[in-house]
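Every chain is named by a letter (A, B, C and D) in the order it is written, and numbering of its residues begins at 1.
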Amino acid sequence: MPQLSLDALNAASDAEFATALGDIFEHAPWVAAAAARRRPFSDLEALLHAMTQAVRDAAAERQRALISGHPDLAGKAARAGDLTAASRAEQGAAGLDRLTDEQYETFHRLNAAYRAKFAMPFIICVRRHTKESILAQFERRLAGEPAQEQGAALEEIFRIAALRLDERVSAPDRLKVHGRLSTHVLDTRAGRPAAGIPVELAEIGENERRVVARAVTNADGRTDQPLIAGRPLPIGRYELSFQVAAYFVAQRAPLPDPPFLDTIPLRFAVAEPEGHYHVPLLVTPWSFATYRGS
Amino acid sequence: MPQLSLDALNAASDAEFATALGDIFEHAPWVAAAAARRRPFSDLEALLHAMTQAVRDAAAERQRALISGHPDLAGKAARAGDLTAASRAEQGAAGLDRLTDEQYETFHRLNAAYRAKFAMPFIICVRRHTKESILAQFERRLAGEPAQEQGAALEEIFRIAALRLDERVSAPDRLKVHGRLSTHVLDTRAGRPAAGIPVELAEIGENERRVVARAVTNADGRTDQPLIAGRPLPIGRYELSFQVAAYFVAQRAPLPDPPFLDTIPLRFAVAEPEGHYHVPLLVTPWSFATYRGS
Amino acid sequence: MPQLSLDALNAASDAEFATALGDIFEHAPWVAAAAARRRPFSDLEALLHAMTQAVRDAAAERQRALISGHPDLAGKAARAGDLTAASRAEQGAAGLDRLTDEQYETFHRLNAAYRAKFAMPFIICVRRHTKESILAQFERRLAGEPAQEQGAALEEIFRIAALRLDERVSAPDRLKVHGRLSTHVLDTRAGRPAAGIPVELAEIGENERRVVARAVTNADGRTDQPLIAGRPLPIGRYELSFQVAAYFVAQRAPLPDPPFLDTIPLRFAVAEPEGHYHVPLLVTPWSFATYRGS
Amino acid sequence: MPQLSLDALNAASDAEFATALGDIFEHAPWVAAAAARRRPFSDLEALLHAMTQAVRDAAAERQRALISGHPDLAGKAARAGDLTAASRAEQGAAGLDRLTDEQYETFHRLNAAYRAKFAMPFIICVRRHTKESILAQFERRLAGEPAQEQGAALEEIFRIAALRLDERVSAPDRLKVHGRLSTHVLDTRAGRPAAGIPVELAEIGENERRVVARAVTNADGRTDQPLIAGRPLPIGRYELSFQVAAYFVAQRAPLPDPPFLDTIPLRFAVAEPEGHYHVPLLVTPWSFATYRGS
């Protein structure tokens, strides 16, 4: 679906508006219809607020229906191809479309237990998570209280809506729904940025390692693009690895055989999907350091 | 075989001496017999020197026989259990007794190629190597010249002899045949040693990860014993990993969920089997550094 | 004198052009007059090149006169107020207008020795230097050969001209005559930028310490403006100091009395006046690190 | 006075014992006399405990007399040469025998104010302090309550006694009255200890800088002796400085002129006189780091 400008949405008829944003909330076009009457919106934040307020103001029955309209995570609907396009893309990004049989069973068991306890599907904004952190959240929320869980489900629905809105509507000010993961390599032996270092970012699961970005450092020791940007950083564990030995050979640094440092892995975890994680490497052939920078 | 003192060896008859050290050089008791006549020895170094000098002074034919008396690495003799006790223990320490079929085939191919080119077995002091570095040396030396290889084989035989002698004979001054690998964890958030951190050292192969030491840091942030000591450090790649998140939780440091740093791996390689590798970790919940220390 | 645009200079009459830029080269309006005939200039670099080329193409006699037209550093003309406005400002920036009697004597002695050996004044682009590095250069060049020194004097005159031109003429592309000195404070105890840290930059001489910039770190741990920018970084020694104890007290970090770290000085030297020196501080209450960054 | 062994003291007559230790508590031989009756002592700690317990058990009048028997710090007795040998040595070590007139006036004023408020002299174990920290303690305790101050005075008297006892009596187990300050320089460019680096330790006062130790690093990058050992570390501020540029020139590291790093000062403070402060330097020509180590 093409991007629409906020100005065009402000100028559209109520019906056009409701059509354009009818699927921001899953199977709940009434949310967009309610928001249409609050126009004009000065920015995306105001539009989002009108939509979430419409949900908060809705009758309990309607809220429950909104929640129930969401599919199970990695559930039968997903296997059968019965998801909305948005849900399919979201679940796929987190790797829920390529589960092992064992993982599928785990989801199946958790979905059943959650429905049994709370009489609603487990809802989570999957684009803010890795498969591993979805499972961790699932276990944690399954242990929660019904009253809390209703609130938690709505919060996750609002996060999903914010991301869909951010993609659908163009406006000068953006919603704060994206994070950023960047790096920088400094050769502290020579006192300058280390150029030409291959860098790899991988998501680390229990028994998995999935490469999510590859780059080579430029003349300033940075990658031309952030390793992740323009989307939330999935909560989870990562390994950033740097191939430094070939660089130091090219710098004519005397190295033993094998070199003391060759591919340097830095393991860390992301806990704030909307945060900026700057993870630099200060390196000589015999030492290295890293830290969460800014 | 029990340890003998250097004093006792100096006082023994020539025959007793030759019997006691007859197997220091594989299938070559004549080396000990020749050294017996050079007694007394003031220290182990002098004894070793007398034995290596006896080899250097021997006729070319005898040197060649000494070399040819060595078994193939991971060869048929090993599979058939036809090795001397010393050779069996040495090859086992480097993991040559638990090769996959593919690795066995590689050794078989290299042994054959080496014998075809140099008309002698490939000799290397396996206790100074990991499986990976043995293969790297094998490929490298296979590309060498016959004259060099004869010298290289003798050098390796002398290294094997030095290690056997160090085990067999007790003396106040030791031979410099051992390395040391140690670590130290400093909590730079609190300015004190980090006690109670689980540490694991693993040897890293192409597709393998073999844990070679486990320890927990003591009140001084060190391990009670060095991670490796009393033997050469096998040339190869290692990963030292530290579980720091539980430590910082116990210190009541505020941590995100998941913590930015949890298990920290440090990858490095050993190139000097007789060297001292001190690989410390300076760590806060948000940063870490390492270096080759002393 | 107001800034002129390169466009206006390209459009002016030869006489207007020569008047406008007549003092870029000290007492040598003929340089501007010669360059006027090479117009139009696409950028400042081209204009500067035309002027320096006019000097290089001039007869030896005229070059010598250009050199001799420069005043002594910290000489009688300076004390008597007989300098051109540009020279006065330049010598003042390096502190040559506030010498002790002893320093004045040193300059007097060096000026006399230099004139006696080379029959010309000692010329150096003082804005690229501190008093200390001017003296170091003076001693070094006094030991040089006449042929080299003539070339060295012209190179310094070209550097002086480039800086004057950069100030006098506005154009889209600037000459590369400026450096930059910046810092950044990261609290690696808490994994975030350290805001509110007072920072002081001082120039360090033999027996002097002259504060050249003061700032407080902002929310990103940086100073709102670089500590030095928009001019060359004077070659010399510096001390950057950071008051960290009050910051950590405010963060409720447990500190001993007195705190292990309070005001942290970082000493370093600048050797490239047109370079970028980024000198960050990574700090906890018990550790700190710095490096030349980018 | 020569050292006595604890065994000899245990075997001596009561009178000999009291004579030998009569001046451990200033002008209060009765303390030693009381302790003599508690013999034998298994170690120094037990002997010290017997003496402090004798003071604690004494009548209030006698405690007050003990306190009043101490001289003013940097007072008239000091100027007139009327101190006991022990007091003179102790006050001299903290520099109280070489005050400026202004500092003398400050002590005079504080002594008078303290006596006016508490009717006793200000007592502090000066060997655990620098001049600066004595003044800081003086101001702080002057603001205290009489009941607390009586206790504080006795605690300081016990510290003085412990140090005197440690010097006077030899025994296998020592009292824990000494600290240690050490350093270590690691060249992280080359991955080895930096040998031959001149190191200087200075005590830093308001307007003073007093060098207290000089050394050169040995082959292991350490100084042959700790910079301070065998005595308490005076509470106060210090600067440890390292001359690294000449070292890197000798290592043939390419350096700019002037070098980015030359003499590196590390400023820190000591707060625990009986602690171990290990302050290492990790250094390349372009970076350095330090931390409180162990």
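Before moving on, here are some points about what is shown:
Definition applied: contacts are C-beta pairs under 8 Å (C-beta built on N, C-alpha and C of every residue); 3 or more make two chains touch, one makes a residue touch a chain.
Remember, predicted model here, so these are calculated numbers, not experimental data.
Annotation: the chain B:chain D pair of sequence copies touches via predominantly the same residues, more than half of the used numbers being shared. Interface matching across A-B, B-D or B-C places the copy of C-D, with more than half of contact pairs shared by residue number, at A-B. Greatest centre-to-centre distance from chain B is found for C, with centres as Cα means.
Averaged C-alpha coordinates give centres for chain A and chain C that are 48 Å from one another. Measuring from the averaged C-alpha position of chain A to that of chain D gives a distance of 57 Å. Shown for chain D are the residues in touch with two or more other chains, namely 188, 191, 260, 282, 286-287, 289, 291-292.
Taken in their complex, chain B has these residues touching chain D: 184, 186, 188, 191-193, 220-221, 282, 289, 291-294. Those residues of chain A that touch chain B in the shared complex are 133, 235-237, 256-265, 267-269, 271-272, 282, 286-292. Note for the complex: chain A touches chain D at residues 188-191, 254, 260, 282, 284-287, 289.
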